[in-house]
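Across the two complexes that follow, subunit A remains constant while its partner is subunit B and subsequently subunit C.
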Partner chain A sequence: MSDTLTKSATPTRTGKGNLRSKLTGWDTIIGVLTVLVLIIASFAVDNFGTSRNFTFMVLDLLPIILIALPMTMIIVTGEIDLSVASTLGLTSSMMGWLWNQGLSIETIIPLCVVIGAVCGVVNGFLITGLGLPSLAVTIGTLALYRGLAFVVLGDGAVADFPWNYTGWVTGTLGGGAVPNVLILIVVLALIFGIVQHATPFGRSLYAIGANAQAAHFSGIRVARTKFWLYVVSGAIAGLVGVLWTLRYSSARADNGSGLELAVVAAVLLGGVSIFGGKGSLPGVLAGVVLLTALQNALRLEDVSGQALNIVTGSLLVLSVLLPNITTAVRGNWHRRRLRQAAR
Partner chain B sequence: MTAAPTTLNRPARKNPTKNLLKTRELGIVLALALLIAYTAIDNSRFLSGQSIRDNLLNTAILAVMATGQAIVVITRNIDLSVGSVLGISAFTVATMMSSNPGLPMIVAILVGLAVGAVAGLVNGVLVRFGKVPALVVTLGTLYIYRGITYSWAGGSQVNADELPRHFLTFANDSLLGIPWLVLIALVVVGAGSLMMRNYKVGRELYAMGSSPAAAELAGIKVARNLLTAFVLSGALAGLAGVLYAARFGTVDAAAGSGYELNVVAAVVVGGVAVFGGSGTVWGAALGALLLTVIGSALAVLDINQFWQQAIVGALIILAICADRLVAVRIARSLRKRDAHV
Partner chain C sequence: MAEANARPENQPAQPESPPARPETGPASSADANRTPTDRPARPKNQPARPETDPASSADAHRTPTDRPAQPENQPARPETDPASSADANRTPTDRPAQPTDSPAQATGRHQPTDSPAQTTSQHQQPTDGPAQTMGRPQQPTEHAPNQLTQAEHNERAAGSKRATGQDAQTARLEVVEVSKSFGAVAAVQGVSFALYPGEAHALVGENGAGKSTIVKMLAGVHRPDTGTLRVDGSDVDFAGPGDAKAAGIAVIYQEPTLFPDLSVAENIAMGNQPLTRTRQIDRKQMHATAERLFRRLGVPLDPTRPARGLSIADQQLVEIAKALSSEARVLIMDEPTAALSAVEVERLFAVVRSLRDEGAAIMFISHRFEEITALCERVTIMRDGRHVATELVADLSVDDMIRRMVGRDLSALFPKQQVTPGETVLEVEGLSREGIFRDISFSVRAGEIVALAGLVGAGRSEVMQAVFGVDPYDRGTVKVHGRRLRKGDPRSAMAAGMALVPEDRRQQGLVMDLSIERNVTLPRARKLARLGLLFGGTERAAAETWTRKLQTKLGRLSDAVGTLSGGNQQKVVLAKWLATGPKLLIVDEPTRGIDVGTKAEVHRLMSSLAADGLAVVMVSSELPEVLGMADRIIVLREGRVTAELTRAEATEESVMYAAMGQEVAA
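Presenting the complex of A and B:
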């Protein structure tokens, strides 16, 4: 708030301030940190830079990065979707069930994306139609969708998916160094990036997050926008459910449990404000890559993945704490200068 | 502040707010009664002493955590780290008791409370003085506390046969026929309800949840109260860790993983609004009881256990819808009253 006030009050300094805030912004810090981790790890950690490990890393990255794309938009509008991992589980279960019913995989995959979208429609209706708080609603549907996943498939697993599909997910382009799913990630990230950062729709998300009421009065269809974000989020979660199932060649009701917290952590780590109105997709992408690369490198070094939780958690808290501290320090400095000028 | 009671006294009695909020908890009681009656008709053993005892024992740990969570949620914050705090406290206490079997139970409880209180204090300090939203802080400490437990415990676990007997029997011992675990939960819920209803700090916590800015302007010591709320939530999660270790005997680094969602679910089902300022501690405890009874009723009714989670989810959504309905009705009646004036 105070940031925007000072900016509008001193328009002559905007350019300079922008450059400085860009250089010291969290996006840049997290980007540099990510590159540093990648460079250090590829020198210091054996097997980190191999193409085989690269494929594994991209596969580990896949679910978090894809779900983070719509999640970033949702959090920018000031809402949240905690039901994504359960939607993933439900579509995975449905995929196994439909496969057992004898449907062809070509029918099942689009159907699963639709099921995910329907989960999103339910969320969207409850949140925008009935005006319920998204945090509570999606905690509810988190339990509901996961529960339905267990109802559909129980605690069994379906594993006999066609080899050409499971092979495609884990395979690389022409047997080379580029994993097939990387193309999917890049295409979707480009689409979401363009929509969020280069279209009126994308700008409207920031307006909604900054002040939903003001956005409404400026002619932005707040409820409709949020509704569609939840539908897209559900559809992507459904798609990830399919990819997850194919990757492990196993449809299970508990697939992806707990992933929602990892995704939210990655998005916040990428510099998106939980209050909405602030954040960028490149920052989030860097955040996801940083987390996955760290995890991968530490695993290669035989450090327990669970101990890495400390790093994840600390980064998450620091990502919000540090900007607050710098703002406070800068504010103090600014005030002192004003006082001196007054003297 | 002092003049307020005299002017508000009369309308308060007719105030629809109070009656509607009363029906909010009444709703849970009714749902609970219906569920128990239906299940008992199907299978009378559901009302046997053993079954009631099991249900109460299973509720105890959840209710203790729900008390702390309700207090935090009433201030318009959230504590997602409770599951991890339970884990770190349970492992600390279990390790301590297995290496010093002579220690009395009260020491275990105090250590658990202390571990939890420190964890809660860290949360509170970061929320208040770091100005980091509670959701972010406690999501972060959820990972941090769990990570600390994992790097300390590794793959090891404390087994029941390493723990002293008096520690393990504590879960089943009882006073006047009421198990200690249930007694502790009752005391915690009772004290929490009393504090929130009748004591200054409790009322101030409600005020902070209704409007944080107004509470600060009204001279409420917001920082101190917020720290109190988080320390209480942490300490109670720590206490729940001791109860967990005593009840289950086997403790590893994963103890209590994912509990945070059950606790939040209990609180929401119990009628505490996620935007703070309304709801009660005993409502949250009833929510915990309802969630537990649903689980055992499904088993008795021979319904597929897998339905449990789906029903819990549907119940949470139903509870939020009910809250919304109440809020809309209150807003409408307030508007009507204003129109007359």
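Presenting the complex of A and C:
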């Protein structure tokens, strides 16, 4: 269903170039790359293929992949949300504070999702209501929300969350190989995938990202659409804040610091154009898996944290660079063909 | 066209022309203009010019100082333009100095048999004012040597010969047989004219006549495909705007391009800042220069204030100061007065006149005839990318100018079907948007094609975009079938059955990176969805139906729409909106930039849609299209309705009159 999207990366395509462009599309490349990394790692790296490691990997994936779902939509519309990790931190703090106030965990969890959504409302209002640039606004709220998180909880931590909840997050289905949170990931990814790729709303995201004016002229409510994306992004960040807190059984103000960069990196690695209008969710999912699997494998090989950063950074640069190179190469082929035809 | 490109080859044997003017004048008959004998003013000068400048069109040869004796272009002219033949050759400064010559010319034109005296007063002494055919204001060339003696005249002619290739007689700027195409569209074809020092020269033409392309070539933005530009007699080739600037050509655009946060003086010195010995910007000198320039222009502006907050008029004066600081000798002004009040225009003109008198060559582009007659000595008229004529302004009535600007055959391209209009579909009442348009009221009935005509910038597109809801408006109402639409909400307009095919296909009409099918289904994706879900097959089927109906040539529907040709892109836009099943279709410049064949298809489509009861509003800058397609024509000028004409009343002239703010001729 994403066939136009992958193809749009090849502006100079001729009639029969369809198959090749599909094969050389970024979605395919990243997918194949991910599978290769998984296969090689499970043979070459000790303990990589164990079910225990699989559970850890899924838990590592969890925050990045969930936040990446709305982030993909936001970047497709040509905007960005850098405040997600701070929203996560704020909800984590709030969760600890509310727990200390004696509220029940069943009340706290939905409340924290709402707090995340409110953070999104603030972003959305500043960006679509006042027309401010999303990069500047969310860098601002990145600092603001993190600051609020420290105001709420200070340097301390709240750790005494009920066992049945923390256990569910880290546990597996019936004690087997499938982590409980994987179900959550699959359900949310399916919902977001369908909305993005098979609904009128999803169609409008690409139109907005590629040409907001033409979208406006087609009756699409550009500002309203973007506003709701930020609200959803905030709510998901709030949910991840809850999950993060439960996983480590620790509510802290600095939870999830720097996560926004990992999310943006994964989305871009997945082939979403930072300029908007291009990209697909399957690509992003592959990108997240690739990034996490690579880091997991290297960590198992006792590669230091600094070296991991080098790998992540290089991958991000490559992900931005490679599509440009392939486009340029294709353009060259095309021009050469034209020149030969002219002769 | 013929007269415009009249070449020296067409001319009667000019060199033989006897210099003795007094004898020939009265004797010559009706075709005085065409005979070399009655054009003795510059006998010596004549032969030389065709040789030195064979390529340029006849009109381009005229200079302000030795204008009279260039009959080369005469033979061709009278056929198309009897009204202004003889005087056309004269240039501003010595225009009236042919007393003996005049009766003949006048006779040739108006009074074949008698009253030489009267005609003389009519055509030969424009500076005397009252007898001017047009009753227009006096030419600004008061220094016209009305009393030049024959001797003086000859001397001048002789001098001019001597000076050939040098200052006084050399065109400051010459455009020689210049052509420029963009893709398949020939924007400018074989245009020639010349600007002389001390001349204010108007360039007029309809929208799309090629004026802007000429300006851009002179500014170094575009490069001519063929032809030559000459500055002070030598060929130039501008690789970029910098080269044009270095050659002394300054262009002042309608919208000044100042840096708002820099001071006025800094703006003037931009790119050319004076430096101190330590290689820092010498602010003192910068301010002194600015002050000196302002004194010279006679404008009281503070060089230290920021450019932000200056009126458009003042910004233009700063641009002029900037041009002067770079010692521009050619000043090209592209509709500088569009945003100015009458007082500001007068101030600008005073400055321009003084520059002209100091020897600068001015090219002035305007749609306001009163300004052209007030400022310019000569006018070059363009139409459809071609040079039509270069004439003395004094010799042309506004009628003449308009006729030549629009004068072409209405092609039979417009297959308008006769339709009896049905009930009223659209009612617009008192629609206003601050600074854009005011008090717009009109209605459109089913089966009717109503055209919004006017010049670019008259506010036509803005009105229709406000009606559709993509733009806001301040006051007024928009009703469809009697129901009022929500302001600024395209969805409410679409729900009421309105569709807008916008002016700018690339920016407003289509999402170029998306596929054809996605573009076609974009406005009604919600209606195509089943249970909120939308799949490729549904979209493809819907897109297939409409692109086939419009005979769109395409590879696959999944191709990006940007890969199609302009005409087929336009069909996709039409398909996109016709697929919504509209009751009212607004088309803004529906045939801009598309080939002739597709144009005719689009016209046929519009006509048959109207015949099926669709109400159509068409915004168009192409007069033939407006006249050919519309049942009614609403003419806008500067944001107001200036005329509403029925199909029967409308002619190119009446529409242009209304568009340019002249009274509608009875």
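Throughout what follows, the second predicted complex is superposed on the first by the 326 of 343 C-alpha atoms of A that agree within 3 Å, B and C clash if a C-alpha of one lies under 4 Å from a C-alpha of the other, contacts with A are read in each partner's own complex, and residues count from 1 in each chain.
The rule we apply is simple: a contact is a pair of C-beta atoms (placed from the backbone, for glycine too) under 8 Å apart; a residue touches a chain by one contact, two chains touch by 3 or more.
Note that the structure is predicted; figures quoted are calculated from it, not measured.
Q: In the superposed arrangement, does A:L130 touch subunit B (first), subunit C (second), both or neither?
A: Only subunit B; A:L130 stays clear of subunit C.
Q: Given the touch rule stated above, what does A:F150 touch, subunit B (first), subunit C (second), both, or neither?
A: Touch partner of A:F150: subunit B, not subunit C.
Q: Looking at the overlay, what does A:S218 touch: subunit B (first), subunit C (second), both, or neither?
A: In the superposed model, A:S218 contacts subunit C only, not subunit B.
Q: Just checking: does A:L229 make contact with subunit B only, subunit C only, both, or neither of them? Give me first, second, both or neither.
A: Neither subunit B nor subunit C is touched by A:L229.
Q: Comparing subunit B against subunit C, which has contacts with more of the residues in subunit A?
A: Partner touching more subunit A residues in the overlay: B.
Q: Kindly classify A:V267 by the partners it touches after superposition: subunit B alone (first), subunit C alone (second), both, or neither?
A: In the superposition, A:V267 contacts neither subunit B nor subunit C.
Q: Under the touch definition given earlier, write down the residues of subunit A that touch subunit B in their complex.
A: Contact set of subunit A toward subunit B: 126, 130-133, 135-137, 139-148, 150-151, 154-155, 253, 257-258, 261, 264-265, 268, 274-275, 304, 306-314, 316-317, 320-321, 324-325.
Q: Tell me, which parts of subunit C touch subunit A in their complex?
A: 470, 490-491, 493-494, 500, 502, 507-515, 518, 521-523, 525-526, 528-529, 532-536, 555-556, 558-560, 562-563, 576
Q: Quick check: in the complex, which residue numbers of subunit A touch subunit C?
A: Touching subunit C from subunit A are residues 1, 3-4, 7-8, 11, 13, 15, 18, 194, 198-200, 202-204, 206-207, 210-211, 213-221, 277-278.
Q: Please give the residue numbers of subunit B that touch subunit A in the complex, ascending.
A: Counting only subunit B, the residues touching subunit A are 78, 126, 130-133, 135-137, 139-148, 150-151, 154, 253, 258, 261, 264-265, 268, 274-275, 304, 306-317, 320-321, 324.
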